[in-house]
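Sharing a structure below in structure tokens format, with a few things to ask.
Think of it as A, B, C, D, E and F in the order they're written, each chain with its own count starting at 1.
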Amino acid sequence: MITGKQLVSAAIWLPAAAALLCYLWRSYKGRNLVVWASGVVLAACSIGLYLTGPFNYQPGEIAGLSWNTVISTADFALLALILLIGIKRRHILIIMLALFQAALLIYFDAVLGGGELEPGPAFVIDHLSIIMALVINIVGSLICIYGVKYIGEHEDQHSGQTSATSWLSSHSGSRQPRFMFWLVIFLGAMNGLVFADNLYWMYFFWEVTTFCSFQLIGHDLSEEAIANACRALWINSLGGTAFALALVVLVRYGGGDYLSIQYLLIHGAGPGMTMIMLATALLVLAGMTKSAQLPFQSWLLGAMVAPTPVSALLHSSTMVKAGVYLILRLAPVYIGTYLSDIIAIAGGFTFLVTSILAVSQSNAKRVLAYSTIANLGLIIACAGINTPAAISAAIILIIFHAVSKGLLFLCTGFVEHRIGSRNIEDMEGLADRMPLTTIIFTVGIISMFLPPFGMLVGKWAALEAAAHLPLAALFMVMGSAVTALFWIKWLGRMLEGNPGEVQSGLEPMAINYKASLIGLAAGAVLLGILVIPLIRSLVMPAVSQYYSSPGLNTAAQSIVIGNSGLFAVWPWFVLLLIIMVSARLLYDPKKTKSAPVYLCGENSSSTSYTSTGEQSIQPALSSYYFDGFLGEARWTPTVNSLAVLIIMVLLGVTVL
Amino acid sequence: MGMMKKSRIKSPWLLHYDGSSCNGCDIEVLACLTPVYDVERFGIINTGNPKHADILLITGGVNQRAARVVRNLYEQMPHPKVVVAVGACACSGGIFHDCYNMLGGIDKVIPVDVYVPGCAARPEAIIDGVVQALGLLAEKTNKEAAV
Amino acid sequence: MKLDAIQVNSGDLLPAVKKYLDEGYRLVTITCVDEGEKIRLLYSFDLELSLANLELSLAREEAAPSISCVSPGAFLVENEIKELFGVRIDDISLDLGGRLYMVPGAKEAPMARSAPVAGKGEK
Amino acid sequence: MNELLIASLVIMAAPFLGGLLSGLDRVISARMQGRVGPPVLQPFYDVLKLLGKESLAANRRQVTWVLAYLGLIMASLVLFSLGGDLLIIVFTMAFAAIAFVLGGFSVKSPYSHIGSQRELLQMLAYEPVLILLAVGLYLQNGSFLVRDLINQGQPLLTSLPLVFIALLIILTIKMRKSPFDLSTSHHGHQELVKGITTEYSGPALALIEITHWYELVLVLGLVAMFWTSPWWIGIILAFLAFFLELIIDNCCARLTWNYMLKFTWGSGLALCLINLGWILARGKGGF
Amino acid sequence: MAGITAPFGPQHPVLPEPIHLNITYEDETVVSLAPALGYVHRGLEKLAERKEFTQNIFILERVCGICSFMHAMTYCMGIEELMGIEISPRSKYLRVFYSEISRIHSHLLWLGLFADAFGFENLFMQYWAIREKIVDLMEMTGGQRVILSSCAIGGIRRDLNTDQVTAARNILHEVEEELGRINPVIMNDYTVKQRTVGKGILSKADAVAYGMVGPVLRASGVAQDLRQEGYAAYGELGFEPVVEQDGDCYARALVRVREVYQAIELARQALNYLPEGETAVKVKGNPQGETIQRVEQPRGEVFYYIKANGSKILERIRIRTPTFAHIPGLLKMLPGCSMADVPVILLSIDPCISCTER
Amino acid sequence: MVPITLTVLKNLTSRPRTRMYPLEERQVPDGSRGQIEFDMSKCIFCTLCAKRCPTDAISVDRKGKILDFDPYRCIVCEFCLEGCAKDAIYLLPQWRTPVTEKQIAGYRTPAAQESNQNLNVYSDVPG
């Protein structure tokens, strides 16, 4: 029987091996095979882990060296690499932050002897990390399968127009293997981060994900890509520095065993521990930089330059979730304190502001990026409210957001390759050109915030919990109203078709795309239907591990009415099915005449009208972006300064 | 089917378009909507959209550019539909019938069901015309053939 | 009963119009009278209810300068004269290319004296 | 089993009540303008006639979204009548309104497009107030369930007066009455022609009309919820609100969408927040 | 950001008459627009050059249904000047009476349509209910509800007997009393002001440069009204033009509201000082020469140029109607306003497209 | 808001001012221009009215003693009535009722009428 320990080591080491294989295997078919195989195995691993349930695991020696020393040497090697990149790209900030981190680590190892501390088992796999593992491995592997095909097409399209200075054209051979290497190895790093209980190990995996993100954003090697990669690197290193500082503070003032999160959760809380609370605040700050919360959102928006699988995997489903995972993991530490309220307000504020900013964007990926930051803000707000219901809401939101947002990013990537542009305006009439993709898009967008799907259960629980904090409730209420605006505005632009255009069947889709897109869409719908069993099996155990009550009472009062908000979900999907079927019955194209569009009586054809000087003109449509009121340029400075203020208060309140 | 026919008579939605009229008849058509004549008693609403309308009420003759618009409006209206020509110009081109830009009455462009004579046809005459048109509306079916 | 109009030739029409407009006159309209072999353009201006007229007479094919660059409201009447009388007025500020009133297929210059009187309708 | 009974009863009865109400609305508005006005059963004649007309539609999406609009409004009405969770009802109404907007979007026509954009802005205006209404109910009764409201002692109006006023403000938007009938309106002369319903005709338009009746009954139900101890006072409250809307409809010009947003968010949200804050301060919530 | 290009077309519920504007919006503000006319162009100037000069009255009355009397009156004054006919004082006063009635009728009609443009349907109904009284008065005196063909060369076709005069006075009093109840709404109702103040502003200089006339010119601060010239009997009745300063839609509405009161007063004076005598003078011979006549129509100054060569058929009739002068001004006002204001500004110049395109 | 609310409430309570047209017809003032009718007993077919009519609605056949009058082109301007030497044309205040088919009204002398019974012989309008 495969024991839990083997599953964990497999989860961490297999991606590394697969990545290496991808890097060496020159042919596309080979890489495709490797990715499919590793995807299936990883998914099996995570499900295996779920079946075995929570356990601790302290890895033994390897080749005579204890793991700690391996980790710390790898850490220093990584910092050296980052320093090298800083020097090569002449980016002062990266150099300074790398040096500062190195200094902190040297102090941590040499002076405090942190390196050798064994505060407890290195890996503690509890329900929360199992959920994260499931998300990472299943959604992550689907995205990698998509990525293999995508990067192939991406290269054919870009080999033509990439700017002359790019390394690509000068260097012989394509960069696909290199891309796949970093993409797959990232999964291993994330698994490691999620299992780690020893903060020092988590710090190492934290740095690895930052490095992977730098490599992947800079994939195209155009100036813009490199500039954004550097910006992502220095902001994340800022987070890394905060993390390192927290380590030092923890060991310096709390003693060695505070390095283990379990120990921290049990002993960390309580009034006396101001320094521990400061360390937790620093860790929360690190989490915030990683999930690109308000003052630090510029790197995630810049990262949209990267190929779409990167945005889908790193910048929406998994990597940015690491920051939120950390904040959620530490929630029991700051329960009931002012820090908790400030975090709630910071999260709510980000949720509202980024939703409003998303309205004024016409570049599809930037809208998705803003919406990701908004949803992360909502999750952090739930973590900040810190009641069992809010924590379960946060976990539900994490699961559903990963699936839906990943799906939307992949769809956008696929559409971008077909129509060659990311602008929402060029996606007009997509329903007639690419019907299957539009259906998947509709499922994706509807599952983001509307009733039958899980996200809404999360939002419901968040609102119920936020009722005691009116300011957070206000942010959530106004934010959720604005989310409806920019999602439906976008979906509406896609549905706009000319009358009489008969759909000529579904558009061709490669097997990789089909697997990932339809897989994720089916996943979103399935999770929507099975939301109550999902909550009972996954979320409630995770919450009841650290909190008194399980949070949500899933007993149903009647067929349709669940108890306090949770509703029986299957009637919803039956209703949607009835609607689909009756629409197909009532509307049969032969009987219904396709009417020309109303153009004030001046139709020169069914869609164009005769205007001044007798020329026939097509009406042009565009959605509203309110650039005047909500323009990014106008708001970002004020909003960033407000956010910095909140961060100051966040750090300050722990000390006072 | 009796109820359907009855409801067609009881709720005729009207689209008013001013072909090339001197707006005398248009004012009388609008006067029908106002409190003193109030055609809403018969359920008549002035919708501005051919897709919602049953009765196309045209005032004034048709000049060469308006012919295209009148034809478009007529085609965009779903069956069953009737056309009422209001005023001397709509019936036969009236005083402008031999101007260089005028095609003549509405029947030069689309089939007309009821002619309401008078130069500035009175609201009462227009109400008579519409009531007469309702009788025709009930007979028509909503198929293309029986136009 | 003759009108008191100041005869002007096409060269100094523009400065004359400019002078009137600067004095605060308001352009009332441009009247085109087609007298068979020559065409008379009558520019009338109004200041405190008193009328001042400029008259420009042209041969059949001669072109008239457009005054829409000086008086912004004149483009509509110039387009109308160009379309209905066939008088060549070039560089009007918003030139509808002879499509202000008439449909592409219609007769050119229907108001000119030479045009037949009976219209499209029957007798 | 009685749930199914209540549900089917509500689905059958609501359109007739809604139709009568909108018939009454047209007669009273006419009388306010000094006109005789149509017979009270006029809306039923309109819908029957529309069902009899030839069906013109641009594409299947248009019809699907209208059916979704109808189905979802019915679902929220059923949930409301069975005393379900108010927050879920509000979100279902939002999904219904979104289905209606997507129906408007599914044809490339300028007026239907602008009408749908404006409908989204209207949703932006009234959505927060509805959600805060649900949160207020939760703070007052300890649960979102409408059925728990019945056995509460004192009526909701006494503890949530300002939220009631905010609800009246957004009632104008939900009933598509001037001054906020921006996306489509029964008044003949709307600058967007017929706004979001421009591209519909015949049976699809009849479905929309029926859905508006359901929505009217649902929204007035929300108003009646504020006084449930003797339930008939709630009904009177709903009629008074309905009559007030008619008066406002006949006494205001149509205002622009930015005024609507400023007004509803400015006064509506402020009232709700003051009210919620007052409840919280009054002793850490009612429960 | 590509904007929305949409037709504000010939057929539109808000437009009483067909005019086409091809408007480009960006987030609901008008960026640019181009007009297209020609939907009502009948070419009646050419028709008038074919019919006899006596038949032309009935053609020119039907240039525009609302201000039909003043078209006929201007034409008759032109022919009378060419033939040197002096009309009797009674018909002068009757012409003032008929002009002022059709001005009241036109302004009330406009106020109703203007209220309907910004969505105030109730006000549209109230104004048109009052207008019905004026139209009954016109039917009683002139014979037709709208096309008031009671003007002939040499005077008035129908005389007013005494009980018609008393009935007219009662109706005028009733209208004035009812307007007293309705006008305050359009003048100081909050929602109306919200939709009209500061919309479609035209400065005084622009108004003159673009050649605005009538209420639009007076709303921008230029005190110019052709009735000051004292044609017909205006000289004896004493008359002051109504002027507003800020030149936006609200000012134009105010000018027209105050002009309705002024018109009621003038009509009442015309009835009080109605001299005795016959109303129509016999007309012999044919007109000769050319003349320019200008009269103050409800929408502004109408300009008639008549050229006759002594035969029964006139050589040239040129009509420049007030809305023709307003169209360029409209194209200056519209860019920059929001989409909801387009119908309000378009109607604020009281467009009469059948006048514009003759 | 106040003045309009008072009007609205007053309207609501008072009787609507609608003329219930089809039920009760209002008394049209006698001078009102309804429709033109020809009294054939006085008519001498002198074609004076045909020449005066601005819309050529009247065409007279002197020999055949037939007067064709197209009621759908007539703008009821009374110009023919003023010019008729024998006052054979009179004005009815009642408006002409709408029809579904346009017909030309053919008038004959009373003597000729005995031969074919109906007074107004209607024939379809050409074109």
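Everything below uses one rule, namely that a contact is a pair of C-beta atoms (placed from the backbone, for glycine too) under 8 Å apart; a residue touches a chain by one contact, two chains touch by 3 or more.
Quick caveat: nothing in here was measured; it's all calculated off a predicted structure.
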Original post:
By C-alpha centroids, what is the most central chain here?
Top reply: D
Original post:
Of all the other chains, whose mean CA position lies farthest from chain F?
Top reply: A
**OP:** With chain centres taken as the means of their Cα atoms, state the distance from chain D to chain F in Å.
**Re:** 52
**OP:** Compute the distance, rounded to whole Å, between the mean C-alpha positions of chain A and chain E.
**Re:** 66
Original post:
Distance-wise, how many Å sit between the C-alpha centres of chain B and chain C, to the nearest whole number?
Top reply: 38
Original post:
Using CA atom averages as chain centres, what separation in Å is found between chain D and chain E?
Top reply: 44
Original post:
When you check chain B against every other chain, which residues touch at least two of them?
Top reply: 17, 34-36, 38, 41, 46-51, 65, 68-69, 73, 78, 93, 95-102, 119, 122, 144
**OP:** Find every residue in chain F that makes contact with two or more other chains and list them.
**Re:** 1, 4, 8, 16-18, 20, 54-55, 75-77
Subject >> Multi-chain contact sites of chain D, meaning residues that touch two or more partners >> reply: 30, 32-37, 54-56, 110-111, 113, 188-190, 193, 198-199, 201, 250-252
Original post:
So in the complex, which bits of chain B are touching chain E?
Top reply: 15, 17-28, 30-31, 34-36, 46-50, 60-61, 63, 65-66, 69, 73, 95-96, 98-102, 119-120, 122
Subject >> Residues of chain E touching chain C in the complex >> reply: 34, 36-38, 41, 43, 45-47, 49-50, 81-82, 208-212, 224, 226, 228-229, 288-292, 294, 301, 303, 305, 307, 315-316, 318, 320, 324-325, 327-329, 332, 357
**OP:** Spell out the part of chain E that touches chain B in their complex, as residue ranges.
**Re:** 10-14, 16-18, 38-44, 46-47, 58-59, 62-66, 68, 109, 112, 124-125, 128-129, 131-132, 135, 144-147, 352-354
Subject >> Complex interface listing, chain C residues touching chain E >> reply: 1-3, 21, 24, 26-29, 31-34, 42, 44, 46, 48-49, 51, 53, 71-77, 94, 96, 99-103, 110-111, 115, 117, 119
Subject >> Complex interface listing, chain B residues touching chain F >> reply: 35-38, 41, 84, 88, 91-95, 97, 105, 107, 113-119, 121-125, 127-129, 131-132, 136
